[in-house]
Structure formats: structure tokens, C-alpha cells
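Chain IDs A, B, C, D and E follow the sequence of writing; residue 1 opens each chain.
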Amino acid sequence: MISSQTVLESKKITVEFSGFKAISNLDFKVTNNKVHFLIGPNGAGKTTLLDVICGKTQVSQGKVVYMEDQNLVKLKDFKIVHIGISRKFQTPSIFQNLTVYDNLIIALKQDKGLWATITAKITKNQQKDIEEMLHLTGLIDEKDQQAGALSHGQKQWLEIAMVLLQDPGLVLLDEPIAGMSKDERMKTGEMIREIAKDRTVLIVEHDMDFVKEYADIVTVMHGGQLLCQGSMEEIQNDPRVREVYLGRKED
Amino acid sequence: MSGTILTLFNGLSLGSILLLIALGLAVTFGLMKVINMAHGELIMIGAYVTYVIQSLFLKYVPESFFDLYFLLSIPIAFLIAAGFGILLEVSLIRFLYKRPLDSLLATYGVGLMLQQLARSIFGAPNVGVQSPGFLNGGLTIGNLVLPYSRIFILSLSILCLVAIFLYFYRTANGRRVRAVMQNRQMAECLGVQTRRVDLGTFAIGSGFAGIAGCALTLLGPIGPTIGTYYIIDAFMVVVVGGVGALIGAVVGAFGIGFFNTIFEFFTSATIGKVLVFMLIIAFLQWRPSGLVSSRSRALDE
Amino acid sequence: MGKIMNQSIFNKKNLLLLGFIVLLIAPLFLTDFRLNLLGKYLAFAILVIGLDLLWGYTGVLSLGHGIFFGIGAYAMGMYLKLEAAGTTKLPDFMAWSGVQELPFIWVPFQNPILAIILGIFIPVMIALLLGLLTFRNRINGVYFTILSQALVVVVVTLFVGQQGLTGGTNGLTSFNTIFGFLLASTTTQTVIYLITAAVLAMVYFASKVLINGRLGQVLIGIRDGENRLRFLGYDPAIFKTFIYALSAGIAGLAGMLFVLQVGIISPTMMGIIPSIEMVLWVALGGRGTLIGPVLGAILVNWAKTTFSESYPDIWLYFLGLMFVIVVVFLPDGLMGLFKKFQKRWSGLHDKQPNSTRVEKNYS
Amino acid sequence: MKVKPFYLFLLMVAFTTIIAACSGGNGASTPEEGSSGSTEGTSGSDDEDVIEVGILHSLSGTMAISETSVHDAELLAINEINANGGVLGKQIKPVIEDGASDWPTFAEKAKKLLQQDKVAAIFGGWTSASRKAMLPVVEESNGLLWYPVQYEGMESSPNIFYTGAAPNQQIVPAVDWLLENRGTKFYLLGSDYVFPRTANAAIKAQLEDAGADLVGEEYTPLGHTDYNTVIAKIKSEKPDVIFNTLNGDSNVAFFKQLKDAGITSEDITVLSVSVAEEEVRGIGADVIAGHLTSWNYYQTTETPENSEFVEAYKAAYGEDRVTADPIEAGYFGVYLWAAAVEKAGTTDVDAVKEAAKELEFQAPGGLVKVDGENQHVYKTVRIGEVQGDGQIKELWNSGEPVKPDPFLKGFDWASGLAESLGQ
Amino acid sequence: MLELENLQVGYGESMVVRNIQLKVKESQVVCIMGRNGVGKTTLIKAIMGILLPKSGNILFKNDNITKKSPSHRARKGIGYVPQGREIFPKLTVYENLLIGLEASGGTKKNLIQEDIYEYFPILKEFKNRNGGDLSGGQQQQLAIARALVSNPSFLLLDEPTEGIQPNIVADIQRVIRDIKEKNKTSMILVEQNLDYAKSVADYIYVVDHGSIVYESSVDELKDEDVYRYLSV
């Protein structure tokens, strides 16, 4: 397989919160151009793992390597963005007082230093990118609305759009379809598929139908550790997974 | 040698004053995250209560009992300041629990009004309070004199600390407060009436400001603006100590007290003050969230 | 946007222009004394624009802007004092403070251009230093606010204590001429007034341009979700420090214009009370709008002048009450009120986003 | 898009307010202003029947503590004069302003009084800072300021009359008296601002000249309330005398803590120059009893004018009020001005200044006389001891009014201090 | 005992719980099943009063408590064992239990009955340790005990066995059965494990995408129907 190049690899990472180990000694790999789901019971450490990757949470030990040469553990959160990792948070965290369009403008991949920001002018290409993204997410009619006034689903999409405009190599999504209606879920799923064409997507999700439908590869976490990893089918047939997560079928 | 002991004592004494004025704040700011700029004015209220009680004693109570006024003032100052605290919480603070900076500004406005109120009632000039007889003079050790009033304040602040400690760690109310501060929602789900807890906690924090005001009449002026002399120091103590931990306030108070005394002894009061501030900034570089701070998941965001 | 607006002569731009014209012709119908007062208000209005950039847009509350304002004012005051003393002599207060020769930090202020530059540069440097130290370490929100307030105490104490250098509590006063023109003369005062009005307009429009650009969006982002912004690849500390320094520089500029019109600068003007009052002007006018705080500064100061003339007692109650009411019940200030009226008047025809109220995060 | 009436409204409000502010203020120069004045309902041409004077003290802020009483005394004097027929047959009408303990405000309000209200004179100020703030304003507009408080000297403006003590009428004689009666080891303690530093500079020169010892000098920030360390330093130096130039609230803290440290007036005498009867009440008479003060007037000063004054003051403001030196200086300042106006026959500033030269008046504190040269007044110096009842007992007085000497020109040891001013 | 009428709950614009009708009878244990993220916890939170419903009613003991505060509900006799346990980390085990007494109005120490310690002996042993220092399983026991001390007439248990070692799961199972039999306490139990659910519950609802898609008494339950909605 030509395409299974390692995008991200965590090496023996441990995360502690005042004595409690949210992640212990985790080895984990993400390969490129896949939709990679991360599932597991509450408290298994999924969100914490995303936190570590994007620099929100410090590891107690171990390292996380991106594209085989960047150790993320040493980078500040905003610099991790610069090398191509973008994250969508669990609750939609968009900027409520800015318009949809402005939200997208500040998300654009560009020099985000002080001076560059002061002098920034939007280019034709960027405008085109934004328009495209507005179409992709169906927010084109709302582009001049204050983001705070969007519906829940629209906010989620806006955030996804913001993540994508950064043109990341690796996209981290934390429960992107939580609170969405069935139609919205479908739409989101299609969007994710579209996204994954030329980048890697790592998603934390609970909705099993959704996982089944869109996953290329699934990782199951449990108790801060990796339980197993594989295609949806492999996962479904793994007894350990049934034990901790999916519920036992009677013998 | 005696110089060293005296400096130590002075540091301890200044620390105890700082502790006393910061204790209430450690509760309202430290535990409840409310920035009450009117805390200084609650101190002022405590001081005026002492003055009023003293005046009443002079008028109505035989002279031989005069000294008792001070002992009586302490609980009354506590109650009246707590009463003002309740008023403040009900009318204002409860709207501002999630807006700490706004609570700062609004309570500053309240402080202004309370100052003017004091001026309208008691007049602009300072009023005098006669110290009770048993606090006159001092403990003489060799050629050292340790003023009784200082020793009294030191003991009072320790007493208050112990009282606060016992309240929070040994009573049902204190337990409720801690439960609410740790997990408001869960406490509510277990039947704790969080509104009442908030109100009570704020009242207690305010009440301790009243006690501080009462004690300060032994050392300083009693006038409408005295609160402004202490408020910044009090906040500094809590910030240095670390918000949310009583023990932090203790360390913060005595730390600032000692450094201030030592700096002042070797330089001047002005330079001493400046040096202490520099030290605080430097210190916060090292520990941005104060001396005693707990890193946990909940505090991260 | 522009083409829609141009259809009416009463659009926002024209009205602002009208306002500015009124300010320009004010010398024609105001007495010297009232013009002087208005000039002072305008100096405050300049200051609050900076403060609003910091608080209203970026969400960082500084209760220490009095010192930046004061330092700017002192810089100008030092130059005026030296000019008043002539080239050979020391300023009068140094003489009775036992200072024998001009302290070296006063030397640059003999040059007016240098004095003006320093009046902006020194506040900027102080803000940069403090901003870097605090924001880098993520000392945010309330902690920064309290620190900024403690800074006031220290700076004021220093200014009062270093009498030989600063004139102590008296501050600097008894100026004589500026660039050789008599400060007290009506013409000079009118010119200074006009300069103040022009500077206000410049600062206003410059800030408007900044805010309407990418920077404005990023600042609002910091205010409403600093952490989110980090994960878009921005470093909030740098932006905050920049705005802090910028607003400090604006405050210094305002201070210079203040001293020219009021003729005195003393530590009381830098203290805790003025520093907090400045914040009230912003809050009253409406945080996060530029015109609001400008109006707020003018209005509150005008009210202060008028009320306190006859009712000093009531004034303080009034001021205190204003803090409470504005902060608790009118978090968007006068501009928020106006917007409500605006909505009512223009009704449904207006296609403004008007659905759910969006909380702004000032804390 | 539609017209936005909102913006129109907004700007209209803004500018009408500004214009109203300004024109409203203009209107205020006409008589409807004087809500606090004491004019009787004289109809019609007010300008003919009243003379407006400004009263400018801090009625709010930290300095209100001290200044309110002076303000009261000045109003008392105006009422008395009015009751006796006024000046030049006209009633005096006070225009009251609040300096708000803020020096730029003093400058602004002085400007308003002189330029807008065109008052004949201003009575006001307490701190040197407020006077320094008003000074350029009164000089510019050629106004008249009557300043009632003792101060550090080194100033003589042609537009200010200083009715408080100059250094040679309070500080210099106090030092002399202490050297003679209490000892030669001096400790200088003051608040960290202009008056104490300037006064102490003079005292140091004087002590050096007298061959006395200066064992320590300490300044504390304004509003300082913890004197533990300072007292420790004082104790280790064992002075005979502390010369105290602390300001306001700090005095309360200092004396309370001094007493607590077991230091009585017998161990070390403290002589204060900013503590008068009013301040004694705030400190507590029992705390400060036995310590000394230096002033030109005490409530206990025995003159017929004083008993009348004290009686009138208490009748007007309450039995529990006390009089003090600055109160008296504010009071007789109004009388001096009225007398000068009568003599000049006009309120014209230059004429009044001319008329005031060498003018004499029997003030509650004894005879005062305006010095024609520096516009300070001749006053009697009195050293007093605080009593247990809060009153001050006179221990010594200069016998006759002392000529004011703000620049201490009459003292050889002060030559270095004054000459640099080139006055 | 408890009745939900057309309950709708959501965050912002989106509905997480749609139109739920549900009934719990006196001393009945009802189990709510469904996969992660289908709205079970949201439903429990709405019953407890942490989330206010968009529409619909909650009736408890024939009172409409839809708009009442959580503490009011707790005092009326609803006990709550939340997902993730939510014990007070810096209160001791004993203090955690004392806070549990708030709902019954008493704070006297002797009100903690011995049988609580009999159910969970470990709590007696660790009485003075901070709650935060316990292991996950111990914390879960504490959370249950904390809800039980006030003798609630109704108990909400949100995935009490999630992520807990098997022996403690068995303990908890035993306790739930015991309470059901001895105290006649009604319960809503959120559970993912069908066997477990069947062993304690009388009635089972299956929730998917915010709505009830299947309900049955345990006796008449067909496992396949449940698995259709449960499994992956």
C-alpha cells in the first residue's frame, strides 16, 4: 500500500491530572488520507488524546510525532496549528460576535503574526476559498449573519469550515454530529468524506451508525489505553470491545 | 539581637493585620470568585460600628465597664458588616457571579456610595476611638516592648483563621460551601440550596471585614476613606497566596508582611512598598496562579 | 456597504463628519472657559478610545491607565516647566527640593519634539514590559486587572516620593509658554483645542481602520474565545501586548493634550480613582463601540462639572450609582440603549442581525 | 437601505448636550447659580447689590476631612459680615465649588470662578498642591486668592494672600523652643510630599546652625498606616524630640502605635505642625495628650474675639465642633478682605491689594497685620500641649505678632535654601 | 411515581431528547438502554432538573416539577448517581456522605445508617480519605452510597457500571437489587449491558436518536429487538 504513510504517532504518552491517569503509556498511530474514528466509553481518554495532539494538554511523559519529524509535545498550541493540525472542539466554539464571513476570514491559512494581521488584505483566492467553503457547508445565505445567531448544526459546520480553511494535513474533530438531526448528520458525514479526500481526519464519536457508515479505520480506547484498532468489521468482532463497550450478546 | 526579634515581631504583626483584612476577601474572592471592591468599605463599617458602640458605652454604661465595649464590638461589627454583605449579595452580586470584572466595577460604585454615606452620617473628619484599657502598654521583654494591641491583633487574626477553618472544615455549613465550590451542580442535585450557601458565604466574608475594621481602630484612623488604604494590599495577599486556598492567604499575608517590614527597615517606607510590588510581579512570573494552586482538569478552562 | 449608505445624507459617516465640524466651530460660540473644558473632555475622549480598544474589543481590563495618561502629561509638563524656567535655571520646585542641577532624565525634555515622542514612547515601553511579563504567563482576566491596579499604587507612590524629580504631590504647574507662545492666551488655547479635536478625529479614524481590518476580528476573537483563537494559530499574548501598548501610547498622547489645557499634572490624576473612572466612561458609552466611549467620556465629565458645581455630595452617590446601574443592567452602555431604539424605529425593514442576543465576554 | 434616524438622534443628543453644557454654563454666571448662597431675595439688578466671592475647598475626597471646617468658617464670616450690612453696602454672595481633593479640579474651578463667575476673590485651598494648582490661574486672570493654611513657604504670589503661618511663624520658633526646653536630639518624621520635605530641609539647616543632632529622618507614603518599623527605628536612635510633619490619617496611626509601643511624651516629645484640635479628635485625646503642637491659634486662646468666634462657630455648626488654626485663618481672611474692600471702595483686585497693605485686624488669635511686601500676615506664634480633653494648652507664645518671612531671608542658616529661588 | 409527558430537551436549537413519554411505577426499576450519544444522559439530567426541558412535563408523585430546581427535586426524594460519578474530590468520603444527607434535611452524623457501610465496607475503611483519592470503582460506590443515605424514594442511576472492574460491578448489582427489594425504591437505570439490565429491571425502554424506539417489560422482552438498536 502506497498510501499508508504515518501521519501521526504517539509514543508511550501518559497524561496525569492531579494523580489521576487520563492516558497511560499510549502508543497510537494515524495513517494518511483516512477517516479515522476514535471510540470508547466515557472517560476512556479520547478527548484527552485530542487535547494532547493539539497542544492543549501537556503530557507527563512520552512524545507525539507528526509527519515523522515534528515532536508536538515541545510545540506551543498555536504553533501546532501552523504545521497543519487543526481541531474542532466538542461544543461549537466559534466567535459569536463576528459574522460567519469574518469567522472564516480569521481562520484562513495565512501568516498569523501581529504585523501580518494588521496589514492583512483578503486576496481573490482566499475569497474564492471562503465562498467554496460556504457552499460546502451550506452557510452561504448566512454569511453576513452574526455567528451567535446560527443554529446548533450550523455552528458545528461553521467550525468545521474554519478548521478546513486552515488547510490542515490532519483534522481533529470532537463529536462533530452531537445534537444534530438525522439529515444534518448525513450532511456532515458527506462533508467529512469530502474532506478526507486529501487529508487525514481523526474523529471522536459516539454515534455507532455514523461510525459504521463513514469509518475507514476505528480505534477503541478504554481506561486511557488502546484496546484495539482496525476496520469497523474487525472491531465489531473483537470480544474485548464487546465486553467494555458494545454490550455482550448472549452466548 | 533584640533588633532582629523586633523586626521579626513587626513582620509577624504586619502579616497578621494583612491576614485579618484579607481573610474575608479570601472567602469572597478566593472561594466565590467575586471581586468585591467594597470590601474596604465593609472594613470601614466595622470601624464605625466600634466607634458607635464606644460612644454608646460612654453615654450609657458605667465607666468601670467601659473596656468591655471593644469585646462587644467584635461580634456586632461582624454581624453588621455581614448584614451589609447580605444586602449587597441580594441586590447586586448575585447578578454578577459569572462576570468577575463587572463585579469589580459595580462594587467599586457601591464602595463610593458607602463612603459618601459614612460622610453624611459621621461627617468627613476622622472620629476617635479610645482603646480599651487592657490593651494599653505592652509586654516588656528585656528592652523590647511588644504592644498588647499588636499581640491582640495577632491573636485575633489567628483566632479568626481558626474560626474560619473550623467553620469550613468542621461544620455542616462549611461542608456545604466546599461542596458547592467544588461541584455546584452536583451539590444542587444532592439537595444543597446553593443560593443560600452563596448568600451565607458572602455574608461571612463580609463579616470578617467587619472584624478587621474593628481591630484596625486600635492602630489607625477611623474615617470614610480608610477602606481604600487596605483594599489593594488585601487583594495582593489573596493573589499571591493563590485563589481558593485559605492557607495561601496565610502564607501570602505573612510573606508580604515580613518582606515589607524588612525592606522598610533597610530602606524607607516608600521604597519598601515599591520593592514589595516588584517582588510580587516577579513572584507571579514564577507562579502565575499564586503560591497554593491546584492543577486539575476543571481549572484548565 | 458604502454605496448603500451614500443614499442618505444622514448616514453614519456624514453624521460623524457633522459632529466633527461642530467640534471645529465650537470656538466660535463657546467662551474661553467652556472651550477649555470641552478641550479637556476631548483629551479624555482620546484616552478612552485606547482603553476601549483594550477592554471593549480585546476584553482586557486595565485599571492602571491613569499612569500612562499621567506619564504622557508629565512628559509634556516637564518640557513646559523647562521652558518656563528658561534655559539656565532649574524648575522652581527642584530648587526648594534641594536639587542642584538638572537631573539627567529631565535633559531630553528640553527638546519639545523629544518630549512629545517620549510622552508616547515611555507609556508604550512600560506597557510592553508589563504586558509581555503577564500575558505570556497567561496572567489573565482578574489577575491582570488587580496587578494593573497595584501598579498604579506603586507608580503614584514613586511619583509622590521623588519630589526632586517630579514635584511630588504638587505635580507640575505654573507653566508659561509653549514654543514661545503664551499658554494662557486665547489664541494659543484655541489652537490647542483645535489640535485636540484633530487628534481625537485622527485617533478615532485610525482605530476605526484597525478595528475594521483583520486585527479587529482577531481582537474580538481574543475577547470572546481566547483559547479558540490559539487553535486557529494566533498567539493571543502578542496581540494583547500590542493593544495594551497601543492604548498606553494613546493615553500618553491624551495626557499631553490634557496638560496643555488644564495647566497642571499631579499624581492625583494618575491615581486609582481616575483610573477606574476612565473605565466607567467606556462602560457608560458602550464597550466595544468606538463612538460610545467617546460620548461617554464627554458626557460623564460634563455631568461631573455641572453636578459637582452645586451638589458635591449627591455627585458621589450619582457616580456610584452609575457604576452599578451601567455595569449590572446596561452592560452595553448607552450605545446598547440606542441600538434598542434604533431597532424599534427602523423596525422590520432593517436587515440587521437581530435574532438572539449574543453574550460578550468581558470577564 | 433606509435612513437611519437613530444616528441622527444619537448625534443630536450628543451635540445638544455638549452645547447645553457650554451655554448652560454660560448662563450659570448669572445669579440663578447661587443655590447655596445667602443672598436675600433682592430683585432686579443683582450685580449692583451683591458681591460674589468664591469658596473653593475639597468637600469630597480625602481632603474633605480637613477642608470642610474651613469652608464652614468662611461662610460664617460672610454671614456675619452680611448681617452687619455687608461690604460697600452690598451683600457678599458666596459661590461654592468643590475642589474634590484633586488639584487639576482646583485649577479648573478657580478658572471657572474667575473667568465665568468673575468673583471678587476666592477663599480656598488647603494643601500646597491645591494652591500651586490655583496659582497660575489667579495670576493669569489677575484674581485674588486667600489661602488659609500654614505651609512650607518659598512662595509669594502677587495674587495670593497667605493668612496661615509662614515657616518662621510656626516651624522655626518651634525648633528654637524645643532646643531650649526639650533637648537637642531631633528625629524628623513626615509624610512623603512637599510640605514635610521642604520644612525638614529648613529644619536641618537650622539644627546644623544650632549645633544640634539630627538622629534620623523618615518619610512615609501618604495614607501610610503601619508605623511599627518606623517606631522601631526611632527607638533605636533614642531622640529627645520627634518633629512631626505627618499628614492627616497617618497621624492617627502614628500616635496610636507610638503609645502602644510604650513611648510617652515624657520619653520622647513629639511636636506636630499639622495636628490641630480637629485632628486631635480623630487621634483620640488620650493617645496624644502631653505631646506638643505649634500654631498661631488654639480654641483656648484667650482673646475676647476668640470667645465670640468660638461661640458663633458652635452656634452655627453644633456644640461638638471645635475650632482650630486653619479655621480661624479662613475666618479672619474673609474679614481682612472685606476690610480691604471697604478701604479701597471697590472690589478691583489691584485696588484691594493696595488697600490691604499693612492692614490690621483683631482676629480671634490676636492682632494680625498684612505684610505689604509678601502678602503674608503677621501672626503670634504659640506652642501648645494637648490636654486630655482634646483642647490644647498654650505653653509659650511669641508675645507679639511675628513678621512673616516665607523665604526665611532673616535667617543666615537658610541662605542656601532661599537664594536659589532668586526671589 | 414518575411520569414524563412529551418531553423535549436540547441544547440551543437542537433537540437531543424528542417527545419522550415514560412512566415509572411505585417500586419499579426501569432501565433505559441505548448506545452512546443517543440522549440518555440528557434525559436523566432533565429529570433531575439540571437541564430545563423545551417543552413537556415532568410529574413526580403527582406534582408537576418541570420548573423546579434540582435541590427541590432532591428534597422531594429523587436521588441521583450521575455519569462520571462527580464525587467531591476534596471532601472526605465521610463528608461526601454527609452532603448526601442534605436531601433528607438532616445533617446529623448518626443519620448515616450502618447498612450503607454494610453495602460498601470500603467506605468505612476509607472514611477520612479525600474522595478524589479513591479509585474509579470506589468512587462509584461512594456516589451510590451518597445518593442512598437520604433514603430517596426514587433513584436515578446513570451508567453506574461503566468502566468499572467486574467484582465491583457485581457488588453494585447486588446493592441495587437489595434496595429494590428492601426499600421498595423506584429507579431509572441507564445501562448498556442487556444482561445486567435484565437482572435488575422490571421494564426496559430503548432510546435511539432521542426518542423511545422500543419498550417492554423484562418478562416479555425479546433480546433480538433490543440488540437491533444496541449493537454496532
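By our rule, a residue touches a chain if its C-beta (ideal position, glycine included) is under 8 Å from a C-beta of that chain, and two chains touch if they have at least 3 such contacts.
Quick caveat, the model's predicted, so the values are computed rather than measured.
**Student:** Starting at chain A, how many touch steps does it take at minimum to reach chain D?
**Tutor:** 2
**Student:** Where the contacts of chain C and chain E overlap, which chains show up?
**Tutor:** In this structure, the chains that contact chain E and also chain C are A, B.
**Student:** Among all other chains, pick the one whose mean CA position is farthest from the mean CA position of chain B.
**Tutor:** The most distant chain relative to chain B turns out to be A.
**Student:** Going by the average position of its CA atoms, which chain sits the greatest distance from chain D?
**Tutor:** E
**Student:** How far is the middle of chain B from the middle of chain C, if each middle is the mean of its Cα atoms, in Å?
**Tutor:** 33
**Student:** I'd like the Å distance between the centres of chain A and chain C, where a centre is the mean of that chain's Cα atoms.
**Tutor:** Once rounded, the distance between the two centres reads 43 Å.
**Student:** Specify, in ascending order, the residues of chain D that touch 2 or more different other chains.
**Tutor:** Where chain D meets two or more other chains at a single residue, that happens at 59-60, 192, 219, 221.
**Student:** Counting only residues that touch at least 2 other chains, which ones in chain C make the list?
**Tutor:** Chain C, residues with two or more chain partners: 157, 160-161, 227, 313, 316.
**Student:** Specify, in ascending order, the residues of chain A that touch 2 or more different other chains.
**Tutor:** Expected reply: 18, 56.
**Student:** Using the touch definition from the top, list the residues of chain A that touch chain C in their complex.
**Tutor:** The contact residues of chain A facing chain C are 54, 56, 76-79, 81-82, 86-87, 89, 93-99, 102, 105-107, 112-114, 117-118, 120, 144-146, 148-149, 162, 166.
**Student:** Any idea which chain A residues touch chain E in the complex?
**Tutor:** 18-20, 39, 41-44, 151-153, 155, 175, 178-182, 205-208, 211-212, 222-223, 232, 235-236, 244-250
**Student:** Where on chain C does chain B make contact in their complex?
**Tutor:** 61, 130, 133-134, 137-139, 141-143, 145-147, 149-151, 153-154, 157-158, 160-161, 227, 272, 276, 279-280, 283, 313, 316-317, 319-324, 327-328, 331, 362-363
**Student:** Would you pull the chain D residues touching chain B in the complex into a rising list?
**Tutor:** So the residues of chain D in touch with chain B come to 59-60, 62, 64-66, 68-69, 192, 218-221, 223-226, 228-230, 232-233, 236, 248-249, 252-253, 256-257, 259-262, 278-279, 281-287.
**Student:** Which residues of chain B touch chain E in their complex?
**Tutor:** Touching chain E from chain B are residues 172, 175-176, 178-179, 182-183, 185-194, 296.
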